[in-house]
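Shared between the two complexes below is chain A, which pairs with chain B and chain C, respectively.
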Partner chain A sequence: MEVTIRNAPSFANLLVNLDPGDRIVAEADAMASMSSGIEMTTRWNGGVFRAIARRIFGGESIFVNEFKSTQSGHIVITQPFPGDMACLELKGNTMFLQPGAYIASEPQVTLGLGWAGIRSFISGEGLFRMKVSGYGRVWFGAYGAIFTRQVEGEYIVDTGHLVAYEPTIGIRVGMAGGIFASFFGGEGLITRVNGQGKIYMQSRSFEGLAAWTNAHL
Partner chain B sequence: MHDVSQEFFGGVFSDKIEGGRAAAKISIHPQGLVAETLEEQRFEIPFGECQLDKGGASGRMIFCRNTDRSVTLFCEERGFPKALESLSMGAFSGQLRTIQHKQRGHEKTFWFWLTVGSVITVIGGVIGYYALIAATQAAVAALPISIDENIGSVAVKSVDLQARLDAGHAATKLVNDIVNELEPHSALKGLNFRVMVVDEPTVNAFALPGGQIVVYTGLIKKAKSAEQLAGVIAHEMAHATLRHGLKGVGQSLGIIAAIQLVTGDVGGLLALSSQLAQESILTSYSRKSETEADLEGARMLHEAGIDPKNMADFFQMLEKLEGDIPNLLAWISTHPQHADRIARIENYQKQIPQKPYRLLELPWEEVQNQLAK
Partner chain C sequence: MKHELLCQPASTAIRFSLEQGDELTCEVGAMIAMTKGITVETTSKSRGGSGGIMKGLKRMFSGENFFLNHFTAQQPNQSLIIGPTMLGDCTHHALSGGAMIVQGSSWVASDSGIQIDTTWQGFSSAFFSGESMFWVKCSGAGNLFLSSYGAIYSVEVDGEYTVDSGHIVAFEDTLQFRIGKAGKSLIGSFFGGEGLVCKFSGRGTLYCQTHNPPSLGKLLGPKLKPR
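Let's turn to the complex of A and B:
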């Protein structure tokens, strides 16, 4: 199976070339176009209750689609907002994805929902997070461009910009400055990530878009 | 040598690994920690060189770094710290205690600020709620009475007035006379009170915004005297003069807007709880307006020279009747907790200066006889 991320960073989409017997799992409604020989099966996103929990708390779909090819073919997978996509290669390790970031994965990858905690909730990163583990490739998307950073110690990210991180990374909520600067300087709460590992961030945030749109209504 | 190693699942960071990190099996040997990746790369950190740290996304991941920090092993399994402590023959007791202490410090700071934040939010919410009520009342007070009348004329269309008695009927005249006795003492001048008496056995009366008052003959028959009837009518007139209808509408709109503003981008769970909270606020508001109408009604009665105790007596009489014919007592069902209300009226009477009360000179017996036919 050969996967290319096309039209990045603004309108990234995945072109997946499937050989006979290849399978790929994708978020519901992520398919934009595909060859006629590809079979699509829909299944619960990891069991009924987990799927519902994922919908309510993780911002993901209740169902995922599995695309299977009996002959050669291709499929184009996309995301609902403009922005880049990135690929993670899992070799028995785990990664956390922020709600809504997951797009597609190889069938050997396990999709789970992890409790992110009150700290994460307060900093606007959600009460739950998607946990991907196992072996294989995972594709995730972001609003805007994706940039990464190898964290050693502490690093500060504004809320809503964190997309994915390794389990070796801890998240703490903090204020951008003093109380006055934090609330009148427009930064408000920020996320302090600490530990050792890689984090993926997006160059735009949905809160930023919403605030900008509101100001122009 | 006897091998007492124990294995855990974790990972390792090192520049020697392609990509800089890999999942690994971590084993604790008598000499130190050993990590073995799936590609069979082996990393070793002797106990003497190992710097421990705790953190990660779960907050309980143990990191172990060598002196030049070129290799970091990490493990999140629950038994790992304990196994590390016992298998290292106590080499890590000090370090483990220090990181635990540090973490507790972080926890304390976090919970402190969470508590402070929650308290500020609650206080802000309460102040905001009362500010909203004050703002609504001020806004309603500034609106012209014609708006009340418009709402009332729309609302009256949904009332079944088929059995309405004409203006010349003795019962209509009686209620009109009572309204005329009370009107000079109403708090809001300029309201045009209009009386409608409906010939139905329901024990009910209500006032619509703008001053339309509907009284059912069932209520007139149950009342023991013209003064008791005046008590109920004073209460209903107070609803109109205090503009409760308009305030209720304004307040529910205001509360919905405020809740949407605050919780607009939070999930369905929060929306649900805010909805429940909103409903309980609205119910308690309507009770609050009942209490206001009781006190304002009592004041009007007192000013008009009618004993406010008549209002309390009527409640008491209804309370006794309630068990016998619950369906007919619609008035009581929308006016709960009469024991409290009776007590409140009696309490009010203790606070005001005593004055001689009069009896209304109205053809009470005649009306009762006519209705009994």
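Let's turn to the complex of A and C:
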């Protein structure tokens, strides 16, 4: 299976070339087009209850689709946001993905649910986060471009800009400064990232687009 | 007439170099800039083509404008830059006798060798696929320019090919499509979010867009305040 990220960073999408017998799991409604020899089956996104909980609290889909090729062919997988995509190579480790970031993964990758906490929910980041673990590649997307940072100690990210992070990283939501600075300075709530590990951020925030659109309605 | 695609794929514009007498028909509002030796004429019919008001009305059903703008270079070495309204890509297709069926609103421009008409793709396909009921039919021999939301990719279909609704930009009329389910089971197709898809068959060129505006709208809509 050969996967290429095309048209990055503005309209990134995955071109997946499949050999007979290859399988790829993708987020619901992520398929844009595919060759005729590919079969699609739908399954729960990591168990019935977790899938439902994730739909209600995490903003993720209840179902994921598995595509299996019976002959050579290709499938194009996309995301709703105009933006970039990145690939994670899991070698037995775990990564957390923010709600909506997950796009596709190899079948050996386990899709799980992690509790993100009430504070995360209050700050609009969702009550749950997606936990990907196992062996294989995972692709996730963002609104805007993706950039990374190796965090050592404490680092501050505006809410809505964090996309993925390693489990060695702790997340705490707080105010950017005092009450005055936080709300009049436009930064509002921020995410305090703590620990040692890699984080992925997006250069635009979807909440920001919604806020801007609301101001112009 | 020469053309060049600029700034692909996020904010694509097309720059034309026109010689005296060259003609180009564009979507209303597509012109960004042009040199002074070009005249613009706005009509409801395609150049040299028949039909008037009826053609214009039909075009409105397909999601295009009632009017068309005809640009004609009156002097040598003229330059014209056009672009679509939405963020996204443009592509060029050279037609040589056949016809191209274009998703309403994806047609941007074509030269005088191409006739533009509206075609009916059937009620069921529109109703179930979320695509438009009327499409723009471009036939003849000449250059055709299409736009999309997202990047455009082409697929040479030989046999069968599946496209999710909302991702079709245009296809050659040697291809037919029918509405089918994405997976084996109907329930799975529905809950899997893919719902019904367009299954193409035949042999020809198909253009798809990588992104679709309704998917973005579905995420943005709930975040907007009521008006």
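Note that in this section the second predicted complex is superposed on the first by the 215 of 217 C-alpha atoms of A that agree within 3 Å, B and C clash if a C-alpha of one lies under 4 Å from a C-alpha of the other, contacts with A are read in each partner's own complex, and residues count from 1 in each chain.
We adopt the following convention: a residue touches a chain if its C-beta (ideal position, glycine included) is under 8 Å from a C-beta of that chain, and two chains touch if they have at least 3 such contacts.
These figures come from a predicted structure and were not determined experimentally.
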Based on the superposed arrangement, let me know which partner A:G170 touches: chain B (first), chain C (second), both, or neither?
first
With both complexes superposed on chain A, which partner does A:G197 reach: first (chain B), second (chain C), both or neither?
first
By the touch definition at the top of the document, which applies to A:I118: first (chain B), second (chain C), both, or neither?
first
In the superposed arrangement, does A:G92 touch chain B (first), chain C (second), both or neither?
first
Comparing chain B and chain C in the superposed model, the one touching more of chain A is C
After lining up the shared chain so the two structures overlap, which partner does A:I156 touch, if you call chain B first and chain C second: first, second, both or neither?
neither
Scan A:I52 for contacts with chain B and chain C and give back first, second, both or neither.
neither
Once the structures are superposed on A, label A:A210 by its partner contacts, choosing first (chain B), second (chain C), both or neither.
both
Intersection of the chain A residues that touch chain B with those that touch chain C
207, 210
If you look only at chain A, which of its residues touch chain C in the complex?
6-7, 10-11, 13, 27-36, 38-42, 61-65, 76, 78-82, 100, 206-207, 209-210, 213-214, 217
Show me the residue ranges of chain B that touch chain A in the complex, using the header's touch definition.
11, 13, 19-23, 38, 55-59, 61, 63, 72, 74, 76, 106, 110, 114, 117, 265, 267-269
The chain C residues in contact with chain A across the complex are 9-10, 87-89, 150-151, 153, 155, 159-164, 167, 182-185, 187-189, 191-194, 199, 208-212, 215-216, 218-220, 223-225, 227
The answer for chain A against chain B in the complex is residues 56-57, 89, 91-93, 96, 114, 116-119, 122, 150, 165-172, 194-198, 207, 210
